[in-house]
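Both complexes shown next keep chain A, but they swap its partner, so chain B is in the first and chain C is in the second.
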Partner chain A sequence: MAETPGSATRSSGSTDGLADTPSAGSPRARSARAYRRSHDDRAAASAYLAPAFALVAIFICLPIALTLWMSLNEVDQFGRFGGFVGLGHYLALFSDPQFIAAAWRTVIWTVSIVAATTVIALFLAVVLQQKFRGRALVRGLLLLPWATGLVIVSLLWRWMAHPDFGAIGRVVNAIGFPALRVEWLGNPALAFPLMIWVGIWASIPFTTLVLAAGIQSIDTDLYEAATLDGASQWRLFRDITLPQLRPVLAVSILLNVIFVFNSFPIIWVMTEGGPAGATDTLITFLYRKGFRFYDMGAASATSVVVFAILLGFAILHTRIMWRNVLR
Partner chain B sequence: MSIHRLIVKSAALLTAGIAIGALLAGAAAAQQKLSFLAAEYSAKTLPFWEQVVADFEAANPDIDVTLEVVGWNTIHDLTAQRIAAGTMPDLVNTATIWVPEWVDAAAIRPLGDDLVDATLRADFVPALFDKGAVYNGENWGLPIAAAARAILLNKGLLAQAGFDPDAPIATWDDYRSIIVGVKEKTGAFGYAFDAKGVRAFRDFGYYLLNNGGTFFAADGRAAFNSPEGVEALQFLVDLVKAGAVPDPLGTTLEDYQPMYEAGRVATMINGNFAIAGIKANAPGLEIAVAAVPVKTAGQTPVTWGVTDTLVIGKAAPVEASRKFIAHIFSTAVRNQFDEAEGMLPVLLSQAGNPAFTGDPNIKAFIDMLPTSQFDPFHPQYAQMQELVKTAMQSAITGAASPKDALDKAAADFNALVK
Partner chain C sequence: MIDVTYLREGLPTRLMRFGLLALILVLLLFPFIEMLSTALKPRSTLYAWPPAWFPAVPAWGNFLAIWSDVPLALYFWNSFVIAGGATALATLVGLPAGYALARFRFPGRQLFLYFIIGTQMFSPVVLLLALFLMLNAMALLNTHVALIVVNAAVALPFTIWMMTAYFSSVPAEIEEAAILDGAGRFRILVDHFLPIAAPGIATAMTFSFVNAWNEFLLALTFLSDAKLRPLTTGIYSFVGRYEIQWHLLLAASLVAIVPVFLGFLLMQRQLVAGLAAGGVK
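Here is the complex of A and B:
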């Protein structure tokens, strides 16, 4: 790291301030060179970083600022501003029972999917470390849901849930309920859990892959040493795998929360948030405000709330998890 | 090579380049550009328009048409985004109910004599041309597709249940007894409707209109929560409670049309355009067409007519647009389009086409046109669709009574009306 001019001067300890033109080898000259060099480095760094900063400013900061501004105004579908309303959209949102219900539903949606996904994926990641016949095939199959687009996945599940032609109904009929006809998507008490399962199913491949990579990076000496000391498989998992995986788990949970919280296609394709908003999450609620009611101001306010929630979670999560990791 | 010769050669090359560029630019300037955004009705739409555009460009080499064909689910929002970005296409095949939105956004221009000549104007079916896209006293487009909605019956299932499939269905009670009777005697659902998708409001509207109700009052506020509307929604809720229809909360038209084709649903309300697809997917199924019944005998029956409109962007080049309109509204092109998509004729000169008169089912739709009522215009039509759908869902789940559900939707709608 380049020395600061101040530290160079202090470290020399011999500057008396009388020498007006310091010689090339004098401490003051060295300090000036160091200053110039560090100045040049900063200028170069700024030049190199400028394009990235410009992109961030144009494609991230500007849209965020515009969304904030739109949330304080009436804006129609053509982007025309109809007047400043201050916090009007936010007040309307927080007094709307549909919004509050959608917010709670989003919490249930996110927590259930991320928690179940993490547990199942951790189990699968540990199992996939073992050597067994057909392991490569299982690994390949595991990635299939991830390789398929979420909209396609949702359409497939929607068809599987069709009460007359769907595979789920066939299975229900085959296992001892031949006359049972279940409307999976018309009843929110069935539709929401089914969509949570689809969310888990679609999230497992990514999480398993991340955790499996994390497990592979754990030093095998630790396992050998523990095994020599007579540790059981459970102790190996609890006292070596889990603590060593903590940074990876932190990242996978953070990413999954953001992905799942923002997930749109599963619910929109399968129920559109219905019936009567009973399976809405904040994201489908937001979409309906923007693209069914064409109230871009209210939709912007909803997206600012979503942004604030996710930002708050990311900061909190990062602090807690990384504090533990660094400790 | 000497420096001098190099300079001379470079200059010669540069001059030649500029000359070629100028020639190309001149040619490009002579070529008029015309953009056309078309809606996709079926898998036949894209090849149809590609052929029409190719034929047009061959006959008009000075006009270059940029064709875009997009699905009905995206064309509304895409058009709005283009308007917001200032890139509205010159010609857009849009749903007529959206015309007020494009007018209020100052994105389209009224139809004028400069765009449609008198001969073509006189050839349009008057009911479609005169009522089609008239909003705020001006006509904003040309009817590009016309359809009516009626009940499609599976003749076999009705006969199996002891009903005469060719007899008209006069009242709601008559229809209810068919629906429930088919379910009891055949096990198939008697009817299917949609309370989930974008067309849900229509399934409510058939009964609202045939009970003397309307969606909007004269002042633009909600009228769908009238006693007639409440009775219409109650009729649908009762059918669900009777177990005679597949759950409409989990069913859209895309779900129940295959059920109809598979013989698991005996009747549904659909457009004339559905017949071709049903015949292709279920060749053995015999279809009969019946008008939607009124609530009680003596009321005026209403056939819900729906048109789509070709609107003209504000900045559209007049001469190229006029030529293209004349081409796509020629009798031959219209016949081709209507036959491919199963639409009703929009031109008087199509009347002799056996495709319309020879098919008894299509003829049944044409015969209903005198009682047809088209979509009313309202700048908040899309919001009404969403609110009515939500009210249907609330009433069907039992979260609210039909009256309370419609009253809430009406209150929410009136808050949006400026």
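Here is the complex of A and C:
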């Protein structure tokens, strides 16, 4: 995989790359250092970085700061500030049973989707490791659910969950419950698991392709040596594939946690968090508070809570990326 | 590519494994068959009892109706403007930034890289309230510019990350030789770095484009004018009507998937490599 960015990133450590570490004594590194000394890049660097910095500062950093400030103030729906209230919004939020329920539901949502997705995708990736007729076709077909944006995916499943004309009902009727009529999305005890399944369905392709790419980069010699020693298929998986895949698995799990945690379209399109907020996650709770009820206090405080959780993920992600890629 | 088919393995294990594979594939692909079947149902049979798995007479006319009954072409155009604009902006801004981060030495470089990887995690959800108020104050609400700029800002960290990785892999000698020849920084970037980084640029652009193309939340929040809607909120607006015309909705959805799916097929290798390296969906 010489031409992939993954290897480009990895090789960066040994050239004049991101981490100025190895080959410090080589002639090339010396000439690069001499060259660096003779060029002060500060002025040029600020010119090259300024537009990017401005874009991120104005449209990512500034909104975060503004949200933080809003959460400590009374703000009306037109953005007019009406006085400092300190932690009042947070106290109200944490005594709101709907918020607490949405927070727990977000944990269930994230953990169950990511866990199931990872297991299924790992299985698919291992099967795709083997040569069989139609493998390229399977890979191509995997791209189909991924290419379908979440809005269309969610609309499609909403139609399939139609109590009278939906395909899920037809399947249930066909496999031995001919007269059963189910309001899949009207009952939160059914709607939420169904949406979890849609989340899994939508996450499998991406995860499988990442894990398959990871498996492809495992050294083939390891398998050959183990096979000569008479290792079984299961041993190969447990003792070679799994440990070798650990860094890729870590990245894919973390990314999925972040994507799934942030996911908005599935729940919004299928139930809008309803009935009566019973299928809300923090994200749909936030959206409804802000843009349906215009409760800017609750919405901004929820944003900050979500932000804090994301910050935790971001620190974890930064550390993993730094270890894996920049080394 | 690993070839492990030479492994000794019993027939039952093989059958079980491929049976499971087939089951998962059916679960993954069945919804698309249902989508096609519904898209081909005539209006009259959509809500007819008992529901049919497939329409007796496929109503191919649905695929024509979506262009006249629904402004699908307009939605396509709006999606194209938003995704294309965001991709162009993110690339134009991200290229020089990645170059500087990979090649220049200046204080704060490491910090900036941390900052870039960190901001990659912030989905627009947490920014939504404040962005809404800011865009309102800037009189950008209900414009494509708002979506272009915000989508570009969201795509920028990955673009920079990808560019930095590629530019770092260019050997220092090439750059030094060019400098001895008297070439300026910008000339070197265009002549020596862009050709090498072309695959990385293509990958980053694909991701920016597809993410903006499939983006829903920002479009839902910032655009109220029906004429400005991209495909995502345009198709979603079917739902607001009294009785949802699922046959047209799903026919439009199928058409909307085609360009992205074809793009994904073409870019398959770069996409997977990009996922492994930078971590975006």
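Here, the second predicted complex is superposed on the first by the 257 of 327 C-alpha atoms of A that agree within 3 Å, B and C clash if a C-alpha of one lies under 4 Å from a C-alpha of the other, contacts with A are read in each partner's own complex, and residues count from 1 in each chain.
Going forward, contacts are C-beta pairs under 8 Å (C-beta built on N, C-alpha and C of every residue); 3 or more make two chains touch, one makes a residue touch a chain.
Treat the numbers as computed from the prediction; the structure is a model and nothing was measured.
**Student:** I'd like to know which partner A:Gly79 touches here: chain B for first, chain C for second, both or neither.
**Tutor:** In the superposition, A:Gly79 touches chain B and chain C alike.
**Student:** Who does A:Tyr223 touch here: chain B (first), chain C (second), both, or neither?
**Tutor:** second
**Student:** Determine, under the contact definition given at the top, whether A:Ala116 touches first (chain B), second (chain C), both, or neither.
**Tutor:** neither
**Student:** What's your read, chain B or chain C touching more residues of chain A?
**Tutor:** Of the two chains, more chain A residues are contacted by C.
**Student:** Using the superposition on chain A described above, determine whether A:Ser300 touches chain B (first), chain C (second), both, or neither.
**Tutor:** second
**Student:** Does chain B (first) or chain C (second) touch A:Ala101, or do both, or does neither?
**Tutor:** neither
**Student:** In the superposed arrangement, does A:Ala92 touch chain B (first), chain C (second), both or neither?
**Tutor:** neither
**Student:** Identify the partner contact of A:Pro275: answer first if only chain B is touched, second if only chain C is, both if each is, neither if none is.
**Tutor:** first
**Student:** For A:Phe259 in the superposed arrangement: first (chain B), second (chain C), both or neither?
**Tutor:** second
**Student:** Figure out whether A:Phe165 sits in contact with chain B (first) or chain C (second), or with both, or with neither.
**Tutor:** In the superposition, A:Phe165 contacts both chain B and chain C.
**Student:** Can you list the residues of chain A that touch chain B in one structure and chain C in the other?
**Tutor:** On chain A, the residues that contact chain B in one structure and chain C in the other are 79, 164-165, 291.
**Student:** Of all residues in chain C, which touch chain A in the complex?
**Tutor:** Going through chain C, the ones touching chain A are 1-7, 9, 13, 17-18, 20-21, 24-25, 27-32, 34-35, 38, 46-47, 49, 51, 53, 89, 92-94, 96-97, 99-107, 109, 112-115, 117-123, 125-134, 136-137, 149-150, 152-154, 156-157, 160, 162, 164-166, 168-173, 175-176, 179, 185, 199-200, 203, 210, 213-214, 216-217, 221, 232-233, 235-236, 239, 244, 246, 249-250, 253, 256-257, 260-261, 263-265, 268-269, 271-281.
**Student:** Can you list the residues on chain B that touch chain A in the complex?
**Tutor:** These residues of chain B touch chain A: 77, 80, 83-84, 101, 105, 195-197, 246-251, 255, 258-259, 262, 264, 382-383, 386, 389-390, 393-394, 396-397, 399, 416.
**Student:** Under the definition above, what is the set of chain A residues touching chain C in their complex?
**Tutor:** 1, 3-6, 8-9, 11-12, 15-18, 28, 31-32, 35-36, 39, 41-42, 44-46, 48-49, 51-53, 55-56, 58-64, 66-67, 70, 79, 120, 123-124, 127, 129-132, 138-153, 155-157, 159-160, 164-165, 167, 170, 201, 204-206, 209-210, 212-216, 218, 220, 223, 227, 233, 236, 248, 251, 255, 258-259, 262, 264-265, 269, 283, 286-287, 290-291, 296, 299-300, 303-304, 306-307, 310-311, 313-315, 317-318, 321-322, 325
**Student:** For the complex, give me every residue of chain A touching chain B.
**Tutor:** These residues of chain A touch chain B: 77-80, 161-165, 183-188, 191, 271-272, 274-278, 288, 291-294.
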